[in-house]
Amino acid sequence: MKKVYVKEEVCVGCRLCEVYCITSHSKYKDVLKAYKLEPQRPTPRIVIEENRPVSFSLQCRHCDDAPCVKSCITGAMRKDPLTGVVTCDTDKCVGCWTCVLVCEFGAIIRDVNNKVASKCDLCAEAGEPACVKNCPNEALVYSEGGISV
Amino acid sequence: MKTINALGIYYRDLNEIIKELVRSGEDIINLKNVNGQRYIGDNLSGTTKINIEGTPGNDMAAFMDGLTIEVFGNGQDAIGNTMNDGNIIIHGHAGDVVGYGMRGGSIYIKDSVGYRVGIHMKEYKDKVPVIVIGGSAGDFFGEYMAGGCMIVLNLKNDENIVGEYCGTGMHGGVIYLRGDVEDYQLGKEVIKEKIDDKDYALIQKYVENFCQYFDYDFQKIMNHSFVKLHPIGKRPYGNMYA
Amino acid sequence: MSLSYLTPEFKVLRDYDKCINCKVCMRQCSFEVHSYDEDLDKMVSNDMNCVNCQRCVLLCPTQALTIIKHPQTFKEHANWTYDAIRDIYRQAETGGVLLSSMGNDRPYPVYWDKMVINASQVTNPSIDPLREPMELRVYLGRKPDRIEIDENLNVKTKMPPQLKLETPIMFSAMSYGSISYNAHAALARAAEELGILYNTGEGGLHKDFRKYGKNTIVQVASGRFGVDREYLNTAAAIEIKIGQGAKPGIGGHLPGEKVSEDISATRMIPSGSDAISPAPHHDIYSIEDLAQLIYSLKEATDYQKPVGVKIAAVNNVAAIASGIARAGADYIAIDGFRGGTGAAPKRIRDNVGIPIEFAIAAVDARLRSEGIRHTVSLVAAGSIRNSADIVKAIALGADAVYIATAALIALGCHMCQKCHTGKCNWGIATQDPNLVKRLNPEIGYKRLVNLVQAWSHEIKEMLGGMGINDIESLKGNRLMLRGIGMTQKELDILGILAAGE
Amino acid sequence: MRIVIIGNSVAMVGAVEAIRKYDTSSEIVVISDETYHVYSRPLISYYLGNLVSEEKMIYREKDFYRKNKVETVFGIKAISIDERKKEVHLENGDSISFDKLLIATGGKPIIPPVEGLNKKNVHTFIKMDDAKKLKEAAKPGSKAVIVGGGLIGFKAAEGLHHLGVDVTIVELADRILSTILDAEGASLVSQSLQNDGIKIITGTTVDKIIGDEYVKGVLLKNGKELEADNLIIAIGVVPNVDVVRNTSISINRGILVDNTMKTSVEDVYAAGDVAEGYDMLVESNRVVPIWPNAYMQGEIAGYNMIGINKSFKGIFPMNSIGYKNTNMITAGITNPQQEEFEIISKIDHNRRSYKKFVVKENRLVGFILINDIDRAGLFTGFIKNEMDITPFKKYLLNDDFGFIYLPKESRKAKMLDLEVV
Amino acid sequence: MLKEGYVRIPSGCAISGIIDRTGRLFSGQSITDSIATMHDRSNGLGGGFAAYGIYPDFKDYFAFHMFYDDLIAKQETENILKADYIVALEEKIPTRKTAHIKNAPLIYRYFAIPKPEKLKLSELDENEFTIKFVFNINSNIPGAYVFSSGKNMGVFKAVGYPEDVANFYKLESYKGYMWLAHGRFPTNTPGWWGGAHPFNLLNISVVHNGELSSYDTNRKYLEEFGYICTLQTDTEVAAYIFDLLLRKHGLPIELACKVVASPLWKQVERMSPKEKFLYTNLKVIYGRALLNGPFSMIIAYGDGFIAINDRIKLRPLTAAKKGDMIYVASEESAIRQICKNPESVWIPRGGEPVIAELIRDNEKEMYSTKEVTA
């Protein structure tokens, strides 16, 4: 399946991916409105790691054998059998963080405000992940089967 | 071993012969009656030894990367230009700009050298170029020197071991002088110091070679005081710009 | 510390209605203009530091930023301008030589813009490059007087080495050190893709780029950085760097703090140590010495590689070029006084040298009058800004052009002229790994390829208009040019007629 | 082929989902003494505390059985197995034959031999019915004593606290959560509980249950007496191996399985809390009664029952639990006493956070994270993948620890899905 | 194409000089062999020689060597010459056909002395008178050029490699006690023979390697003293400066050398008070006569020559001695070619002249103190 990969060599650490992730998961789908109007700004669904000079953003790998799905105590975490996208049903999620415990990528973010797991859904609604679309340096790529180095 | 009478052979033809021999792995090449032919040893690598009788022309051993060249006579200008490795032994004096931009290997000169010797010598990792001079040196000795080691022995006791502006812009490497030097002769980027045991050991190592090549008495040379010149810092012009 | 008299050059206007405190601007500004004030819960700016590189402007996700020239003004004075006063303050504070970067920014006339190009009308046809053949390929190198063939039509002439260019554009010398690894990666790859050459500059050739050897011109400059057997053997051609248009008569100086491990390995000098390239090669103090080095390099490469010489355009350029041609150079690159640089003393950059337009015209004329024009190729450099400049340069007598500033602009340079600080926010003129990665070579090389391809197409269009279908027919074809708004003397030097003549 | 599964919890789901990935034709029969649609056992404390409604307890959507073509035999207990005849005997006298059998009967509470266990309002707390019963009995303002400060007791305490019950935990060990936490960690967590008025009594246990028909209180071994309206026995669980007694299926503490979840008897598998599978850290078989383990063992069993050879690499204990805003994640060996273990830890009282890493031979073998639990899975991964942590060991305690501290090659291999040459 | 005089043409070069201090005459073959060794220092666009002692039969006459583009120029020149001078002999300078020497002008020589009455009328001495004559021809007669005007000496030069030039002029047939040679590497091809070196005025001849960055300063300084720099070459100004310093101002040779290659202020600061006063004022007065930029040059002045480098020695120069013979050249090989085993070979320091004169009584040796045994 197509996933988001990062070329850390060209990640500039701007965190625009985060800005656009928030926007993409906001009600308005608009940067300004997402930040200015929404009472509770969505939790970004990506992890940004930075230890200068290296930086990169990390998105859920949507593992084939997703341990978060297997471990979820509520059944909130599901992998779509067709698309392979792993999503968290926040209605079901109780914030037990077992997914945080088992995700080897540390790619599941705790939405502490809502006490639910927040994770990359590849912007399923938008077609292309917002982080990839808005990465100013093409450090994020949305591709099938990894990228060559 | 191959012997070539270079008398009247144009440098290009001579070098073609030499290159061919070096590339075929010849161990020793004797060049007789060399006079003014340029570029001998240019950009060659290998272990060949070239013996030169006469006066080789300019840019001898330029870009050389290996080889040993022994000159039984004087050298001209720009010997060992941008040389990377190898060994040069000159049984006489040499002209200006010896060892320009030299990065490795060694040059031993029995007598004096001209101006601007060791300009821009630099070292990198295990490559440490060395020039040992039996006589004295002209002005601008070690200018912009960025690495390596130069030793001036002043065995003829010239009034000045080196000329003026010695070590101007120097930012690496070390110069050892057998004898002393006045402050006015030094560039403002160098400091003069007494040598310590480590320095002595280093000098000793190269002087041993020198004595072996030119048949000098080692003890006689070493029974004399040396001074050491080294740069104040790696950034001579760090504060020049606004 | 006493009061500094300097005032900011630029002002950051932040539209707080649009600012979302995302701090992208803060993270992207190496000059530390932007910061977040926790008490105010606002982003704030330090205008003093702003160089107007526009990184923040372009990355701001809400277009909340505008940078303007600082409205702060001095009393108007035609002589003691703001810049003149500012420079004095700077020097009075520091006692230093004023350093600047990129090309001469003084308002000298740009002669390219005073020349116009011809087109066919009726008496001969224009050519449509979309349908009809159009050749841009050039060969740089010494051309023998004549071809010699035997009775079986075998060529007997021993051809001097030639450099093949698919389009008469090369990327000019920029050293690894003055520009970043990624910038070099982009240039090298673009050169390969385009079938042209790029130039290492004097900072050595990184081992990663040896694979682009056949598209690489390596430089031998006074510092001899990174010059060894492999370097010489890898390259397609060797260029002796004598001078640079932005700073004729001045050497280069890469400060130790930019000599990273990687640069140290490439230049083969200890890291952290200044890399000084003095103005002269210490083995060249006269023209016959240049000949000596040219032939030293030819000997070194068995006469298989062209050896070029790059000089700055200066008063005597025609005579010097003639000497260089006779010294055995295969090509001469002439760099006009508007050429770029990673660092140059401002006064030198702004006051030394002559425009490339005059230089190339004068050199071409001189070499022709001596009958040696064919023995050497000419490369014009020093602020070629577009394809029309190239057409004009070739019509004036160049065989090809070097572009550098234009290439860097394609890569994202915003001409803030702060290369010498090493803080290039676009990842070009910097060695800071935090900044270098901002230039993605994947993107960069494509942009360069796009630029050169676009220019090449435009050149074809212009050639077609002139009724020419081979770039060779443009060389020295000064009848294709006319001058506007020039004195007779200027027209004479350029060897062109006035418009209407 | 007919596959029979005894048990209706997560190991069953793991098995069914694995089977149905490749095999849509085999018959699957699920037997359970409970009557509920498969629900989440760990959520019973949430249910108890009114944090989750009963409908939300379901672990898989309502059409799970139908969609997966599972025949359910619910409300009837399987009482024995005839492994030779390949039959499961139910308490109603029926038998169900099988080609493959998965025993996923889970655990059952440990009941200590204490006087007065027969009084009303003495509860256990592992099943939905337990929770319902307790919720019914625990009135706001009433008092509850929880015997056992382990995971079950801890979660029960939280639930009860949410109901407004005055809770006291009685723990025999010197601290609560002693199986997963060390003294520092436990004290930090205890603090949170105590701040909410939950009382914790350690170093003793219940000696006697006081009361008549209903529980009134307990007498502790230390002689102290506590009032109680409800008493919750939460000492722990043991594998529920009742159904395999009197069979040739080997049992230790749980049903012994190999790394394909097969028991000692052909065609009979076991998974989940009832199984004693391989623990990769202690390098021997062990019952690891945790939810993710149960799913994965069920899944492996499922695959193997339909002939797909997949083996279980092993498991180790890991838990993510919390009390209100106190979250803790632990895994592996968390409190070793032997010297061969290296401990890297940091406690921050201001942030009430605690990090502890247990290292053996340059491999991470366990950790405790309290309140600073983000990206805990990275460490779980290191344990699971037996990663040599030497290159980044010194950064483990960094607040921003992540892949960024890993050597570039291994980081990229991991993140870019590639084999880096 | 503009030739020297209309455009400034910097050039690089090879130089060589030989003197037999006893005054014994020797053929031009030696100097030819010497300069030919340095073939690659020139590019075939200029070679020349100065030979002293070659015209003993006419040693009191100015020997004018002339290039004429055509017979009109010759006629006009001879009209002026014969109006002012008694011409003892006029002839074509003998040449031989040489493959590499092309486009030769008309080359004549005249042995002449000023007519006494003209000299008297001019109120000049014969040297001044002759200089004026030379300047007049060179400035005012199109196509005529006096390229040698000393006594008992002559300059021979052409466009070509020096060895070809020697062959062309049959230099092997001349005998002199002092010879200079020059191989030129100009930065263009003037195609004009007058542009080759040596440059000569009266008995001073200069061969030069390098380019004077101070050219225009030097030239304007000389013009104040009546010199007309028709060639725009460095060699020309160098010759005039020595003429000014040695002949007109009567400076000792050593001091003249300290003008063209003056000590640095830093060095002057270290001198004794007396020296300091001298050198300070020398620099103050003759600052614009400093030859700045790279050069090594040989200045012959009849009795000998001075070989000197610029003060920071940007050009090569090697000297050697064997018996009464003194040799100087850009490269040692050029000396070794004709003197296989000199007694000593040395490399003079920057600004440190090698002065080699005919031996007179009670005279000490004046060449450099810096010697290295070969």
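To keep things simple, chains are lettered A, B, C, D and E as they appear, and every chain counts its residues starting from 1.
What we mean here is this: a contact is a pair of C-beta atoms (placed from the backbone, for glycine too) under 8 Å apart; a residue touches a chain by one contact, two chains touch by 3 or more.
Going by UniProt, the chains are A = Carbon-monoxide dehydrogenase iron sulfur subunit; B = Glutamate synthase (NADPH) GltB3 subunit.
Only a predicted model underlies this, so the values are computations on that prediction, with no experimental measurement involved.
Under the contact definition stated at the top, the chains bordering both chain A and chain E are C.
Excluding chain B leaves the other chains joined by touching in one piece.
Distance between Cα centroids is largest for the pairing of chain B with D.
Chain C and chain E have centres, each the mean of its CA atoms, that are 44 Å apart.
Computed centre separation for the pair chain D/chain E is 106 angstrom, with centres defined by C-alpha atoms. Inter-chain centre distance (chain B to chain D, centres taken as mean C-alpha positions): 78 Å. We define each chain's centre as the mean of its Cα atoms; on that basis chain B and chain C are separated by 37 Å. Of all residues in chain C, those that touch two or more other chains are 292, 295. The set of chain D residues that touch two or more partner chains is empty.
The set of chain B residues that touch two or more partner chains comprises 38, 58, 77.
Taken pair by pair, the chains that touch are A-C, A-D, B-C, B-E, C-E.
Of all the residues in chain B, the ones that touch chain E in their complex are 11, 35-36, 38, 54-55, 57-58, 74, 76-77, 92-93, 95-96, 111-112, 114-115, 135, 138-140, 156, 158, 163-164, 184. The part of chain B that touches chain C in the complex is made up of residues 12, 15, 19, 38-39, 42-43, 45, 58-59, 62-63, 65, 77-78, 81-82, 84, 97, 100-101, 103, 116, 119-120, 122-124, 127, 143-144, 146-147, 169, 171-172, 234-242. Within the complex formed with chain E, the residues of chain C that make contact are 285-292, 295, 316, 318-324, 326-327, 366, 369-370, 372. Across the interface of their complex, chain C is touched by residues 1, 7-14, 40-43, 45, 185-189, 209-211, 294, 314-315 of chain E. Residues 7, 9-16, 18-20, 31-32, 35-36, 52-53, 134, 136-139 of chain A are the ones that touch chain C when the two sit in their complex.
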